[in-house]
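What follows is chain A paired twice: with chain B in the first complex and chain C in the second.
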Partner chain A sequence: MTEETLQVFIDGVSRYFEHTKDNDLRVGTPYLADNCAPVSMDYTGLIGVSGSNKGCVYFTAPKAMLRHLILSLGEPDTSDENMVDLVGEVANTISGNARRELGKNFMISVPVVVSGAPGKIHLPTELRSYVVPTTWRSYNAAVVICLQH
Partner chain B sequence: MLKMMIVDDSNIIRSKICRAHDSERFDVVAIACDGAEALRMFHECRPDVVTMDLTMPNVDGLECIAKLARIDPEVLILVVSALSDQATGIEALENGASGFLLKPFSEEQLREALDELTEHLYD
Partner chain C sequence: MKLDFGKYRGIIVSVALFLLLDASVLLMNFYISFEISEDAVGVNLAGRQRMLSQRMMKSLLDLDAADSVEQRQLAMAELSQTVALFDNTLRAFASGGETLSAEGHGVMLGAVNSPAGRQALEEAKTLWLPFLQRLDPLIDRHSLGGDASYAARLHNAVAYGRANNLTLLRLMNALTVDLENVAASKAKRLRLIQTVGISLAVLNFFIIMFHFLRQLRESDSKIELARQETREILDTVNEGLFLLDRDQHIGSQYSHALLNILGQRELEGVAFAELLDGIVSDRDRNTAAGFIKLLFDPRKKQKLIGDLNPLRQVEVHIPQPDGSFANKHLSFGFSRVVIDGEIVHVLVTVQDISRQIKLADELEAAKVQGEEQLELLSTILQSNGDLLRHFLSNSFASFQKINGLLKQPAKTHQQYIDKANQIFALIHNYKGEAAALELHRFARQAHQFEELLDGLRRSAELSGNDFLGLVVHLNKLIAQTETIQGLVEKLGTLGLSGTSQVASSSATYAYPHWSLFAEQVAERQGKEVELLCSGFNDVPLPKTMEAALNTLTVQLIRNAISHGIETPEQRRLAQKPPRGEVDVRLLARADGSIQLSVEDDGDGIDRQAVIDTAVDRGLIDGAAAESLDSKAIMNLIFHPQLSTRSEVDEDAGRGVGMHAIREVVRELGGRVTIQSRRGRGTRFQLFFPAEINAVKSAA
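Coming up: the complex of A and B.
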């Protein structure tokens, strides 16, 4: 994956948080991680990618951050159902926004949400993923991009 | 008062549109979670305006737009989607949409988009 492609996803997550009341997202230095132990927090919204690229993009975040983020978006209902919904919507927005640069053939699925155990996420072990760490207020989350041309 | 239907598979987005729209001009008469449900509800409530997500299970937004436009060529459809490529925007317009609002969006941007979509009705 090129630096330009990685930047597309960094821009996507930054753009998402610009629409929160507490727009103070900090993006850390991206790094490559082995897929045998994928980065995973309380909730993960995963988008399958097909077409010109194959693989997945996911956003993973702790429960406390999602609860705070829901309130910051003006939504009073911080139920588990809405946390599941939000983590999927963040992943969908970041992936969908990437099509501005990557084009229509960057085909994305509806979000799949995984909650709880990190062991539930399985990525191709022959590949490595780019992890983009983020901090919003005091919460750490990550965007993970695992794509094969 | 214009009748409005909201179509999105995200509860957070449905709720945001419900909160943000101008309630003096729009009356939300139906809320659908996917294209299939939207098609069923459209026949029952015949909205004037529809906000439409594109990436949804069952019937997706592009297909739903085409079907709604065939049922009622006068319906005003505002696409509200994260899909930001030009080709998808053009396809949505060709299928019968009248406007496009990119996610993420602010409440003000939604109101502006709905105003632009319907301003010709007030001329």
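Coming up: the complex of A and C.
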């Protein structure tokens, strides 16, 4: 997996935040994480990738951030459903960006939103995933990329 | 469609026979009914003869008994009419001819042929002719009536009539009966013919029914059997099979495997382009449509256009119910189906060649990996197993530390620079150890890693995203280190190389690799050096301490050669032997503390060069440089961005070496001292407290 590929996924998230009022999504230093203990917060929007690179990419964020984000988008309803929708939308933007940039070798599935315990995300344990911490306002979220080459 | 007459000849002949029979019966019916109707006329006229014979007799008797002229004329008229009619009719019966019907029309009668009829007619003729001879004069002379001869002739006729009247009646009756019998026999024959004809027709019908029903049943069962066989083949075959018509639609029969391969439920009548939609690229789909069109063109040679098949080997992405995609490699084959010289269909075969492709890919990957592993393997086999294990465990520890550093949040540029510097120190030590063990591949990669870091350190503005390339590189390093560890473990179980476990005590610890390493560094720099080691096998050390000492020693040896030892030329000019010496000693003091010293007989530290470099790099300003004391100058050596070497190479130049050393020593709770005399040499002394050693060993 190349730096360029990773960048496409990170850009996907940044692209989503460009539409928010506070478009300053700050990208932290990426690091590696063992897949035995995947990074996961309250809500996770996950897209599966097949093709020459197999695996998944997900955006995970805490409730507080999503609530704030919903409000900043001018939507007063901060229900769980809306949070799920929002995370799904971020995942959708990631997948749209990846489709456009990476072409047909990356077959990307419809986003799935997982909420709650990190145990619900299963990643191939023999691989490490790239964790890209992001900060929006004072909230920490992350883009996690785990692709087999 | 052309009708196959041969196949249907039986039924055509049978039906024709059926019609012929019906027509024959109808024809016979016409003919015989016509004859019967003729016979009926005969029977009627024969009956009239009976009546005429009696009327004739009555007229004769009336004539005989007539009192007046009117009566006589009436009787005569009657007699004349009846005689003429009787005679005429009798002749017609006897030899065929015309007579008058009851209605007064002329009617043709055929001569009676039956023996009984002929006999009755002959007898009647025998009686009738004499009678007629007696009657004729009466009728002719009628106008002369009243004379004596007339009376005598009348009397004669009456007498003859009386004598033969009943016989004549009987004969005419016999004729009537005979004619009736002939008609009845004809009617009987007609019935018989009809019965036989209809029976034959019915028989024929049943033959047709049974024969053809059986044939139908047989052909039905043959068709069913063939259908069953086709179904079995289509259900069992592993390839996808189907036919395409000229409009490129899928036929009704296709193999079960096709559904599995393409993940579809129903394909009958589906357009081929629709089938490919979304699973192959639009370009391939359009090319395939054009290709199939060519296949239907009889002027194009199949062999020549075969290479145009865009789906010979194609990667498809089949949507799954859960929204994901199944990746497959498929091979589509196309063949014309020619019947009577006409291309009616194109047979398409679809094979799932994912496994073959995967195997080929794996083979290729294994080949590449094998080559890499072979290189690693030769390195491992040449290395000291224990050292290698040290190296590996050190490496993982370093990688973990690097990853930990990456993970630490940073906001300001300086924080990012610090992060880069800390990572640099770790990777630099790793590089040194890799080089010392002659793991050149790792040393090279660590060097690339350093280059990336160096790029970062020079950036005016740093952000987290800039570290992305570094993380990718780190992942690669970890993966390769894992590979080599896997190999070492495998070799360990095979009992190969020096990889068998040794006790944690370093009683047999040997450092031949340092000498080798020193020689290599010296060779690269055009220097000559001899490495002297002592004390390492006398001081028992815990594993962690061993690893740290190894890292430090390697780094210090490299520094001593790179920075201290002069080239043989320079040494000769300085009245020194051309071969420099690096003396490495490990001492254990009575209080348990450890002292490592690395001393070279090189040129010593050029304090002015250190100050100039520090000023050049902006680490200190010119004014501050003036007031630096000896200790402060020595301290500059440990700054992460100081190196007095003008060129960067695998061994030195980035100035991180001393910084990395101090980081490790600090982590172990030790301290570093430097003693240096210009032109005489430099001694680095590293002191480690006993408790650290004890704590580490307990851990």
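Please note the rule applied: the second predicted complex is superposed on the first by the 149 of 149 C-alpha atoms of A that agree within 3 Å, B and C clash if a C-alpha of one lies under 4 Å from a C-alpha of the other, contacts with A are read in each partner's own complex, and residues count from 1 in each chain.
FYI, contacts are C-beta pairs under 8 Å (C-beta built on N, C-alpha and C of every residue); 3 or more make two chains touch, one makes a residue touch a chain.
Just so it is clear, the model here is predicted, and its values are computed rather than measured.
On the superposed chain A, the two partners chain B and chain C both fit, without a clash. Contacts of A:138 after superposition on the shared chain: neither chain B nor chain C is touched.
In the superposition on chain A, A:110 contacts both chain B and chain C.
When both complexes are overlaid on chain A, the residue A:16 reaches chain B alone and has no touch with chain C.
By the touch criterion defined above, A:29 reaches chain C but does not reach chain B. For the pair chain B and chain C, the minimum alpha-carbon spacing after aligning on chain A is 7 Å. According to the touch criterion, the shared surface of chain A, contacted by chain B in one complex and chain C in the other, consists of residues 104, 109-110.
Those residues of chain A that touch chain C in the complex are listed here as 1-3, 6-7, 10, 26-32, 48, 50-51, 54, 104, 107, 109-110, 112, 128, 130-133. Residues of chain A that touch chain B in their complex: 15-16, 18-19, 70, 73-75, 77, 81-82, 85-86, 88-89, 92-100, 102-104, 106, 108-110.
Per the touch definition, chain B reaches chain A in the complex via residues 9-13, 15-16, 19, 55-57, 81-85, 87-88, 102-107. Listing the residues of chain C that touch chain A in their complex gives 281, 315, 317, 320, 322-327, 403, 406-410, 416, 419, 463-465, 467-469, 471-472, 474-475, 478.
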